[in-house]
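Listed after this line are the structures, all set down as structure tokens.
In what comes next, chain A is part of two complexes: it sits with chain B in the first one and with chain C in the second one.
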Partner chain A sequence: MTERRSTPISESSASALEWIMDELGHGADIVTRAFACGGADDQPLITLVYIEGLVDPMAVNGRIVDRILDASQTLGEAASAPERLRLLKEKVLAVGGITEVQSGEHILKSLLEGHSIVLAEGSANAICANTAGGEHRGVEEPSSQTVIRGPKEGFTESIRTNVSLIRRKIKSPKLRIDYKSIGTVTQTQIAVVYLKDIANQKIVDEIHERLDGIDTDSILESGYIEEFIQDRTFTPFPTLQNLERPDAIVGGILEGQIAVIVDGTPFVLLAPVTFNRFFQSSEDYYQRFDIASFLRLIRFGSFLVSMLLPSLYIAITTFHQEMIPTTLLVSLAAQREGTPFPAIVEAFIMEITFEVLREAGVRMPRAMGSAISIVGALVLGQAAVQAGLVSAAMVIVVSFTAIANFVIPAINMATASRLIRFAMMILGGTFGLFGVMTGLMFLLIHMVSLRSFGIPFMLPMSPLSISNLKDVFIRLPWWALSTRPRLIADPKANVRQGKNQKPAPPSSSAGERNDE
Partner chain B sequence: MKEKITSFQVSALIMFTIAPTGILLVPGAITAFAKQNAWQSAVLGTLIGIGIAALIGYICNQNPGMPLMTWLERRFGRWACVLIGLFLARYYITVSVITLSEFSNFISDEVLHRTPQWLTMTIIMLVVLYAVGQGIETIVRVNMITFLVSALLIAAGSLLIVENMHAKPLLPLWEGSFAPVLKGSLLPASWLSEVAVLLLLAPYIKEKNSAIRTGVAGVALAGAAISATVAVSIATFGPKLVPLITYPGFFIVSVVEIGSLLERLEIVFISIWLLTMYLKLSVLMFGAAQCLIQTFRIRSERPFLLALGLFVVLNAICSWGNAADFYSFTVKAGFLDLLFSNVLLPALIAAGLLVTAKGTRRQRSYDANDS
Partner chain C sequence: MVQYSRFQLSALIILFQIGSSSLFLLASDAKRDAWIATLFAMLVGFALLAFVTLTIQKLAPRQNLIDILLAHFGRYAGTLLAISYVFYFSYKSIRNFREFSDLMIVYLLPHTPLAVVLLLLILLSAYAVYQGVEVFFRLAEVLLPVVLIVYCALIFLLIGADIVHFDRLQPMMEEGVRPVFDAAIPEVISFPFGEMVVFLMLWQYYGDRKTLSRVTLYSYLFAGVFIVITNMAIIGSLGPVSLISSIPFMMGTSFVQIASIIERMDPFVALLLFTGVFMKQTTYFLAATLAASRLLKLNHRTMIVPVGMAIFCGSLMFRSQMAQVWVGFKYNLKYHFPIFQIAIPLLLLLIMLAKNRRMKVRA
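Now for the complex of A and B:
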């Protein structure tokens, strides 16, 4: 990192202002306003500097400019420069966050963060008033993680809004928010959010240590941070979660996880995570537990389908035809008769076509969306079969695989299964089921050896933790989830709620009571 | 020695070190000796195996938590340690070679008839080396997942095969002399003696002095699996047919038919069995690697593992001309090797421990008298 300099502020406002303008390259968006306050016109007593667009204009005009103009006589009569500064701070400026700064670098940093700087002639100190604001997107419904039942608010690009969204949900004095700025050029603000005494302090320290270790010029999205702080790079599996929903982040924080908010992106990171977390949707906890459990099983099933279905189809039709019921085998054989390629080539053609269509769907201008979906449906569906390029069964397999992939709530986990699918297809096409099982074994070894901030990735399946299994493949009713997940939360904060909360009807029915 | 595993995990691992090949090859062999009483042989073998497990556990409990070879060196001196280390390494390499051959023979017999065996062996070995490279903690954790999946599958499988089982083939009980039953019990016992791998695993166990419990539980689980497979195969096919079937364990499942929808279910069981074979081989390779690494204090483990893997694969390719050679080797030499390396050698170590313990105690009392 570059060495921190400290330039003293010139006592002359004019030269201090010139220094600031030089450093910032005389940008047109830098606004300066001089207040004579009874002094000479060419030597104003008070000068205001701020950057347009980064500040809240209402605050600057109403709480700073207006107030200084009102008090200009008092300010002009002040005995000395320090006295004037004291008056400004204590009587004039009606802004909550006010600090006195001594160095030029501090002034620049504050200006870029949206603060307004007030310089007083003859003083080597400046006042820095927090007027940060400006245009940014309001709180809207999250676009990538939608639910039917549950809060409809999503994080925005502003770190302040995001922190407040979390604060509003956890009204506890134990909520800790540690700020730091990372990126020597971008100076991006990062907030580490957790509940003291509930999050495991060792993991909090570890996250701080890894964040402090980042030495880069820029952080533009939480993805940068993720790649810098994850436990292992060479793995298809994500070991940090990113969420756009404040309720999901708060749910994680309450279980002892730690959130990392990055200014400029609505995607907030959550760590440490285990494999099963990627299959949970915040809606699971708002719906009835029975349907939530059913959907969890569907999601795990879909993950397996999305990873394995094409490879199993290839392996079985190429190597183990005896496994297929005879009637199905006959119909498959009839379909495959007309196709010129082996099953694996067929599957690759279809999978690649689908991946291309999918990527096109994301990149292309929205107006063309319907056109591409018609072409896609025709290419993928009918035409390819009629032209004899692929069999109809393969179209079913590939499209079901694609749809199963969308069931996984976490997009980064869905992408992992997409990548693994191709490796599995090659294994299934060359070594049949033996290849698929070998691939699975390799994957299992890999997943079990993964860790997220020291927590085993496959917890609670392996190492087995029976108490954690209450909220993995199924979700038990809320009253049964009395403890926090083992290992993730602070061991001392294991108990989350009282036991014996199972609801029951009153011992005598309401009707009987009325009769009495 | 940062890695820590629990006693239960190790018991499950011991089960899967023994059972995969046990359920595959033992039923046919002992039914040939003991006919309808073969299941008694298996039970008797399990009891002997439990005795062996107790002996191994006793030795492990003497170890204050050091890696096996480091500990033996401290107790018996450098040369004894090198001798034991080399011998055990030779044993684990041999068993790895045998298991790898069994594995790839099975694959080429049942699944991939035309794929050259060196290729399947290489692929198997790559996965195994990856597991061994990740360490024992990873192996036991993979094992736990496989354990849970196979427990579910076996429960489902047992429900399906009940209707094909008959009590008649198991009768009459205790017909003829006890000698064949006793003779038949030696084979499962020798198989169960593979529990000796506990010597290498025990230092990693979290719970202190739990080695006997761990070993006995592992052997009991594996013995139960083998005995059940023997009993179920006889109950399904009768004592005459079982010795003629190459892999009776899987053949049982293949007779299951639910309507015309689910046929040839054995492929599902074979798939899970493949996973357990990977685990077995990983444990054995871990044993071979650890014996050599600890004895010769090898620092750069990864290249060494690659070399060891290559050595085992080449051995498996070149050692036997054909399947008959291989089979006669496992029955004649393999059996003796198992008993010698897993029972006799540990017994010698135990004796050595007792003698040196007395020696040191006497020495200590002399020292006390002198002062």
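Now for the complex of A and C:
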């Protein structure tokens, strides 16, 4: 990055304004408003500059323009330029965030962030009033991570709203929000959010270090940040979580994780993260623990199915027919009799067709959705079977695989299993079960070698941590989760809540008491 | 700094010891007394481990076998012995690779060329070796629960389906003690119980030196008892047939049929075979790589390709599976392995103790 220049602000408002307009290319959305305040018409004493659309018009009109007009008499009578500036700051401008700036670059930066600049004739300083606002999407229900029970609010594109959503949930003075801007051109605001004394300070420092190391011109989405700061690039597995739900992010922060909010996207990053976190939904903690545990197991199972089912089908039907019960084998053989391709080719045709359908479903205009589903379900499903291109069993296998893939709460983990599936299919088609086992072992070696910000990716399984296992495959009731996950949070902040909180009916029941 | 935890050490020892030995009938020469022979060999192995192998490590903590050999046998003899250990580890690895590939071809892939299966396996092991000691131990930690759960489920099914009849173990020691001892010594000691010598390459990375012996011995005992139990289950379920079956455990479980839903357990046995032998062959591969890299003073990753190539070529050199098994039983187990597992460590220990005493006297 080039070193920041510092241009002094001209004492003449007119030339200062000229400089600003030149720098910003005389854009039509730059609004200037001169207030004569009793001075000469061509030399107004006070000038206001802001960029339309970035500011909150109510604030600019009501708190700056109105106030200056009301006070124009007093301002005109002020003895000197510094005196006038002081008056403006202390008596006139009714805006919370006010700073006095000395350099032209600072003015430009503030303008682009939605601040209003007040220039006073004869002063080399300018006032910068925070009037940031303007149009953006309101808080809505998250579109990609929905729950049945739980808060319905989701993050928005505005970093301010997002930070406030977190602040509202954690009313602790220990909540730390470190801002920085990344991207030499876009100057995107990034906020690192964590709880001091609960998050591990070493990991916080590591995240800061990696963020500060980013040298790029633009950050448009948290995906940019993710690829710059993740531990390993060549892996199908994500080592950062992205979440659209404030409650899920807050849950992570309370367990000692660190959130990275990027302005302009509702997807907030969470690190460090372990494998099992991708199978948790925030709803797990709102539902009864028994169904939550059951659903967790279903999710892990679905992940395996989505990764392995086609390859196992290929392997068994091609190499190990003796493993199939006889009646099933007969019906499978009857189905496959008419199909021209070997199982692996058939599987590839169907899988790729499904991937195409899925991508089409995301891209096409909503109005055409029903057309695609008819084409997809009827033409490619039933008709392909009737035409003898693929066997019916293969259609079942592929569709169940696809459905299982949607069970995984984290989309980036679901996509990992999608990619791995194809490699597994090749292994299953060439080496049978042996190939599938080799592939699984390879994945396992790879997974235990992964780390997320220094934390082993397979944490509660390896290194084994019995206390962390309370919230992995099953979720114990809340009163039993008395400690934070080991290794992620600061070791000193391990205890989360009191022990022996298991609820029980009162020792003498209310009915008995009434009888007395 | 590479380090691993107590549970990780325990997991690798158990997986390494169980390896594939639970699937086969150890000490089959002792017939229905095989389990007694195994138990006996296990106890001898325990003594060997406690008094020789572990003691060597305790006298020279933070050093691996190659360091110790070079330090105590002098430059020439030490180097020679160190090289021979590189060969020993590689050879053990070769035997495992070859055996594994042959079984895979027999049971799962009858039409696939041996070299292709071998290559895939060696690439897989090389990847684990490339990731290093720490990752390998973590892998063991993840695999151990899976392996134990599958084993327990299978044994439970064997008993549940009323296949295991422990009366097949009787009469005990019909022909006296002699055949039992003959079967145990030295075959069962050198496979699998004496194999613990390979841990002399890995113990130096263990984090907590104080618990080293305790963790190692407990894990060894656990694995040993486990092997004896599976041995009993195999004889109990198959009787005399277990002596001629090539994977008796698989044969035993193939009889399991409960309510015509739970049947065909072969894939699970294949899974156990896969993980067990994989861990064993990779441990030896890793040890050979570490030893060779220590000798040549190179990064261990640079040695993966030459050692891997050697293992690949070596595995192809046996003419057939039978040749491999025959060489193993006829010569290796009786004459060759005991040298590396018992004789050299014992000699090394004596030298170390003598030197220690001299040091003390001088002090």
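FYI, the second predicted complex is superposed on the first by the 515 of 516 C-alpha atoms of A that agree within 3 Å, B and C clash if a C-alpha of one lies under 4 Å from a C-alpha of the other, contacts with A are read in each partner's own complex, and residues count from 1 in each chain.
One rule holds for everything that comes next: a contact is a pair of C-beta atoms (placed from the backbone, for glycine too) under 8 Å apart; a residue touches a chain by one contact, two chains touch by 3 or more.
Only a predicted model underlies this, so the values are computations on that prediction, with no experimental measurement involved.
On the superposed chain A, the positions of chain B and chain C overlap enough to count as a clash. Applying the stated contact rule after C-alpha superposition, one finds that A:406 touches neither chain B nor chain C. Of the residues of chain A, those at positions 319-320, 323, 325, 431-435, 437-438, 441-442, 444-446, 448-449, 456, 458, 461-464 touch chain B in one of the two structures and chain C in the other.
Contacts from chain B toward chain A in the complex involve residues 6, 9, 107, 111-112, 115, 120, 123-124, 127, 130-131, 134-135, 138, 141-142, 144-146, 148, 260-261, 263-264, 267, 270-271, 274-275, 278.
By the touch criterion stated above, chain A contacts chain B in their complex at residues 319-320, 322-323, 325-327, 431-438, 440-442, 444-446, 448-449, 456, 458, 461-464.
In the complex of the two chains, the chain A residues touching chain C come out as 319-320, 323, 325, 431-435, 437-438, 441-442, 444-446, 448-449, 456, 458, 461-464.
Within the complex formed with chain A, the residues of chain C that make contact are 5, 7-8, 104, 108-109, 112, 117, 120-121, 124, 127-128, 131, 135, 138-139, 141-143, 145, 264, 266-267, 270-271, 274-275, 278.
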